[in-house]
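Data first, discussion second: the structure below is written as structure tokens.
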Amino acid sequence: MRSFALALLSIWVGAAWASTSEHAAIERGRYLVAAGDCAACHTAEGGKPFAGGRPVPTPFGTIYSTNITPDRETGIGEWSPEDFYRAMHEGKDKQGRHLYPAFPYPWYTKLAREDVDAIKAYLDALPPVRQENRKTALPWPLSVREVMAGWNELFFKEGEYQPDSSQSAEWNRGAYLVEGLGHCGACHTPKNALGGPKRHRTLEGGYGENWYATSLTKDVRDGLGDWSLDEIVQYLKTGSNAKGAATGPMAEVVENSTQHLSEADLRAIATYLKSVPEQKQKAKGPGDDRQRLARGEAIYIDQCAGCHMENGEGQRNAFPPLRGNAVVQSKDPETMLHMVLAGARVAATRGNPSGLAMPAFDWKLTDQDVADLATYLRGAWGNRAAPVPASDVKKVRKSVVAQSSR
Amino acid sequence: MATRLPKKDVVLVGFGWTAAILAQELTEAGMQVLALERGAYRDTVPDFAVDHIQDEYRYAIRDDLVEEPERETLTFRNSLQETALPMRHIGSFRPAVGAGGAGVHWNGQTWRFLPDDFRIRSHTLERYGAKFIPRDMTIQDWPVTYQELEPYFDKFEYLCGISGKAGNLDGKIVEGGNPFEGARRREYPLPPLKRSYATVLFDKAAKEVGLKPFPCPAANTSAPYKNIYGVQMGQCTFCGYCEWFGCGNYSKSSPQSTIFPVLFRKQNFEFRPYCNVTRVDLDGSRKHATGVTYIDAQGQEFEQPAELVILCAFATHNPHLLLLSGIGKPYDPKTGEGVVGRNYAYQITSSVDVFTDEILNPFMGAGSLGQAVDEFNGDNFDHGPHGFVGGGYIALWTTGGRPIHQSYLPKDAPKWGSGWKKAMAENYLKACSIATHGSVMSYRDAYLDLDPTYRDVYGNPLLRMTFDFHQNELKMSKFLTDRATQIAKAMKPRSFHPKPRTGHYSIEPYQTTHNTGGAIMGSDPRTSVVNRYLQTWDVANVFVMGACAFPQNHGYNPTGTVGALTYWAADAIKNQYLKNPGPLVHA
Amino acid sequence: MPFKSERRAFLKAATLAPAAVALPVRFANNPATPATHGYFSGDETRFMDAAVSRLIPADELGPGAKEAGVTFFIDRQLAGPYGRAETWYMQGPWQKGTEQQGYQLKLTPAELYRAAIADIDAYCRKNLGKPFAELDGAAQGKVLKGLESDDVKLERVKAKQFFDMLWENTRQGFFADPMYGGNRGFAGWKLIGFPGPRYNYVAEIDQYGKRYTQPPVGILGRDPARRIV
């Protein structure tokens, strides 16, 4: 009788243990899903959480995200942990077909198995949503998924993250997050013509959704060179700091992802980012077309000084300085041009709910106006970056119009 | 047939300052709050953005942020002997429409009434005797004291980020502030704004005539400011487009710049625009509100049930709604009985234009950038020799130099032609104006009721306003104008031009948007509409916010006191009413 | 709503023509937006040009109202929401009120102008032999003074009421942002030294007595030829 009772007890205790660790895995999964910002693609605007259907623009065409709720027919309810690990680690679905790297498996491959399992546990705990996946239509030959095998051969290095023993635990945790779940390089690393990341130029700046994602290297002008660890942490946690503010797609990253990370993880990310080597390129200045610079200065005083102040210093905690600003000095000025034309709204987070915004100036500034202004800014107050031609503005204006009519 | 909607805990009618404060406070307390606004949602970007907001013609002349009389107006007459006629276009005051209300287009003057203002009747009787109060002057003591409201003035000031200098810290008079103000617990959240040249000249002159000038308390931030809700504001850059305009760089305190970012994140807050509330619905007993009825943009009628109804519309709209809803006995000036509409008051202003030889750059300004003297406000001076009740402050503000309206010409300048051109060219940069800002007492014949003839777009009777300046106010205003003239003289200008307020009150020229009374607070239900917590005596689940609660209007802009009363009422609702719904005061 | 950035609708092509600007949709309904068509007849335009030239003449101080485009400004305003009194309460019954009760005419501003101009020209023809525009400057000045003082009696309209409106609108046209068609070349602003809508005077506000040196700018920029009409 006693041994039977003990056996019962151990089963009951065992079950309690199992559910506790299940719960812990789900909670860990929730955190990791926030870190990976899965919702950014897998939750459509106005759609049910993680049910997919969001159009993800790429230079090759639009890819529609898939349903990763546990629905058995239209989601991944039938997927085992093995299947899910294969998707994250190798970029292949349950049927073994190649996934397009719009799903950033080249970064998620770095995830440890138990993290992938925790993510799956969280996804399995979501309410299942019945929603068929939209067929992705890329032009031939990309429509043939087997083509991705070749792409992977060239640009994909499969494998979980291997710690660098010469670096601290904090640095390694940061590297794991940035190069893994954070998939920062998916925007911030330049890509070649085939859409492969240029690994030798990690985090030197790249494109995401018609915005230019700034360099995250040590460069003082257009990178994080003169940002302290605390400033990087504050930016990721609250959406802004004394030097800059997250707008556009980065605002969504902060709102949906980084503001939810722990202080320790944010410090780890900052530690890793502060070590990214700068590119050894001397920046070109804005040129000496005095007329353009004078026109740009006049536009600045007339249109911009109300917030960014006459000396370019901005207003502390409210409007970022343009002096020493990385977005202003980015090799590719697209983000700055985008903001001037379409306006911008800073990420609204728990730490800073304000969501201060900049209006659109597209309706009253010509391409030449914006180009002159940008050129002026790239040489004002010690800034240094190349002049901006009006044709650059024209291109960005087209994409702004295209986005606003979506 | 109205469509009935799902019930809410709290319905707020109108969405200006008082509603935004209540929405924030009551959602924090866990209530499901719905705000119904007849106008649109508005936000700094794009509606008041720096790219287009400094447009005098659009916003100050064509009144683009102001309520259109076509949709809502009132009828006006000076006395009971006249027929009231509609105010057909915007004139004497500018109520707002749209989210944020007049909190968007105000100047930002944020004052506290004086301690003795709150007990004006008792104090006047004590000091000057019963004969000093004219028989038809119906002033009343407030049912709250300055001391009770002090923490709430403080809260509103720290919500807004008021720039100022304390004059009385906990009883100790502090140099550089207003020596007459009621004691405050701590300094203002921000230091005073940088001074413009004209205010410096005024400051010097005021001191020379023995007065103690101090900076006007300004809801224009002197530095970037993070407020009590964690909302970040910018810093005022003196653009000179404050009143009638929204602020483009988050430096004028408004519901948008101080509350919206935290409020609109909340799941238990809903904002519904284009909903015109036409009445508060009552049950059969007529002692309990079941909700409100509103008409949407398509003309469809809806019933919105709620546990608690709070009127947060403009000061003239709230009494109007009470009258249309049949809450409280309408005031009858002939019998002196009834309460709704009683004790309507306003503000009496005058000015002295000053023409200097200095380049003053009037276009550099802010809505509350000014220096003031308070020696002639409240009962800060002996009224005995003068024979009037009340007073006001005198200030020189530099709010802007907008060319269509904000230019001053000497009295003898030609009204048009080449001579006018010359006068404009010679005076625009070098002129400024000293303003007096006086109290208006309540009178038996100054009141609000429903018009018998004119109707609004929904077929409801318009509100009728019967109001004029009484001898008491004209006398007092003349006194202030004379004092202001003294200061003008001491500025040693090229010339000056006193412009006293004389004659009848006219609905035509703009004066202030300081309409008060009509739903006044008091201790006696026979002479007030709401009790000290702004709860109506008649219907315990209806509260009424705003300056309509003022028993009379004192010598300051009303918003500071409106903000304090709102926080005061919010506390009473959270800590008393919600725990035990019912009358909070038993008369 | 609150946390989505609002994209402006792009009304015209991306490059701006020198005269007209692609405006955000938000401008469309505002009561200041001028009509794109005219209101005044040829005769009325001649009256207006003459009248505004008297009110604000061209002289050694600079252009007058006519040169500054004030007639055009008023014309477009009267053809638009202001002229139609769209935001005014225009329900009856109509009664003559006291001076304190403000505007009580059944006429919209556009109608008031039409009636007044016709009445004034009729008065001028009857008493001075010619319509207003053909009188010499001194005679025009006298007529205007008579309207201002209400000594001139018009058929349908109270002279002073029209004069006050005309003078008010003339000043508005002379000093409004040039994008509305008046204040051409910043004539009004240059006369008085107003630098236009600028957002930052933090560095200059305590430079007491110093003249501000930046040139005038309108909402559309430093080129006053940029307009929305």
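We call the chains A, B and C, going by the order they appear; numbering starts again at 1 in every chain.
Everything that follows uses one rule, which is that contacts are C-beta pairs under 8 Å (C-beta built on N, C-alpha and C of every residue); 3 or more make two chains touch, one makes a residue touch a chain.
On a predicted model such as this, the values are computed, not experimentally measured, just so you know.
On a Cα centroid basis, the chain most remote from subunit B in this structure is A.
Chain pairs A-B and B-C differ in how many C-beta pairs are in contact, and the one with more is B-C.
In terms of their C-alpha centroids, the spacing between subunit A and subunit C amounts to 52 Å.
The geometric centre of subunit A is 47 Å away from that of subunit B, both derived from CA atoms. If you average the Cα atoms of subunit B and of subunit C, the two centres end up 31 Å apart.
Across the assembly, subunit C contributes 2-3, 5, 8, 24, 198-200, 202, 219 as residues in contact with two or more other chains. Chain contacts: subunit B has residues 43, 45-46, 50-52, 235, 237, 239, 248-249, 261 touching two or more partner chains.
Residues of subunit A in contact with two or more other chains: 305-307, 309, 343, 345, 348, 355, 357, 360, 363-364. Every residue of subunit C that touches subunit A in the complex is listed here, in rising order: 2-3, 5, 7-10, 14-16, 21-24, 198-200, 202-203, 214, 217, 219-222, 226.
Subunit B contributes residues 41, 43, 45-47, 50-52, 54-58, 61-64, 68-70, 73, 76-78, 82-83, 85-89, 91, 194-197, 200, 235, 237-241, 248-249, 260-261, 264, 358-359, 361, 363-364, 401, 403-404, 407, 415-418, 420-422, 424-425, 428-429, 453-455, 504-508 to its touches with subunit C in the complex.
Across the interface of their complex, subunit A is touched by residues 43-46, 49-52, 224, 226, 229-235, 237, 239, 248-250, 261-262, 265 of subunit B.
Listing the residues of subunit C that touch subunit B in their complex gives 1-3, 5-6, 8, 24, 26-27, 30-32, 54-57, 59, 61-62, 64, 82, 85-91, 93, 95, 97-104, 141, 144, 148, 167, 171-172, 175-177, 180, 188-189, 191-195, 197-202, 204-206, 208-212, 219.
Per the touch definition, subunit A reaches subunit B in the complex via residues 303, 305-307, 309, 315-319, 343, 345, 348, 352-361, 363-364.
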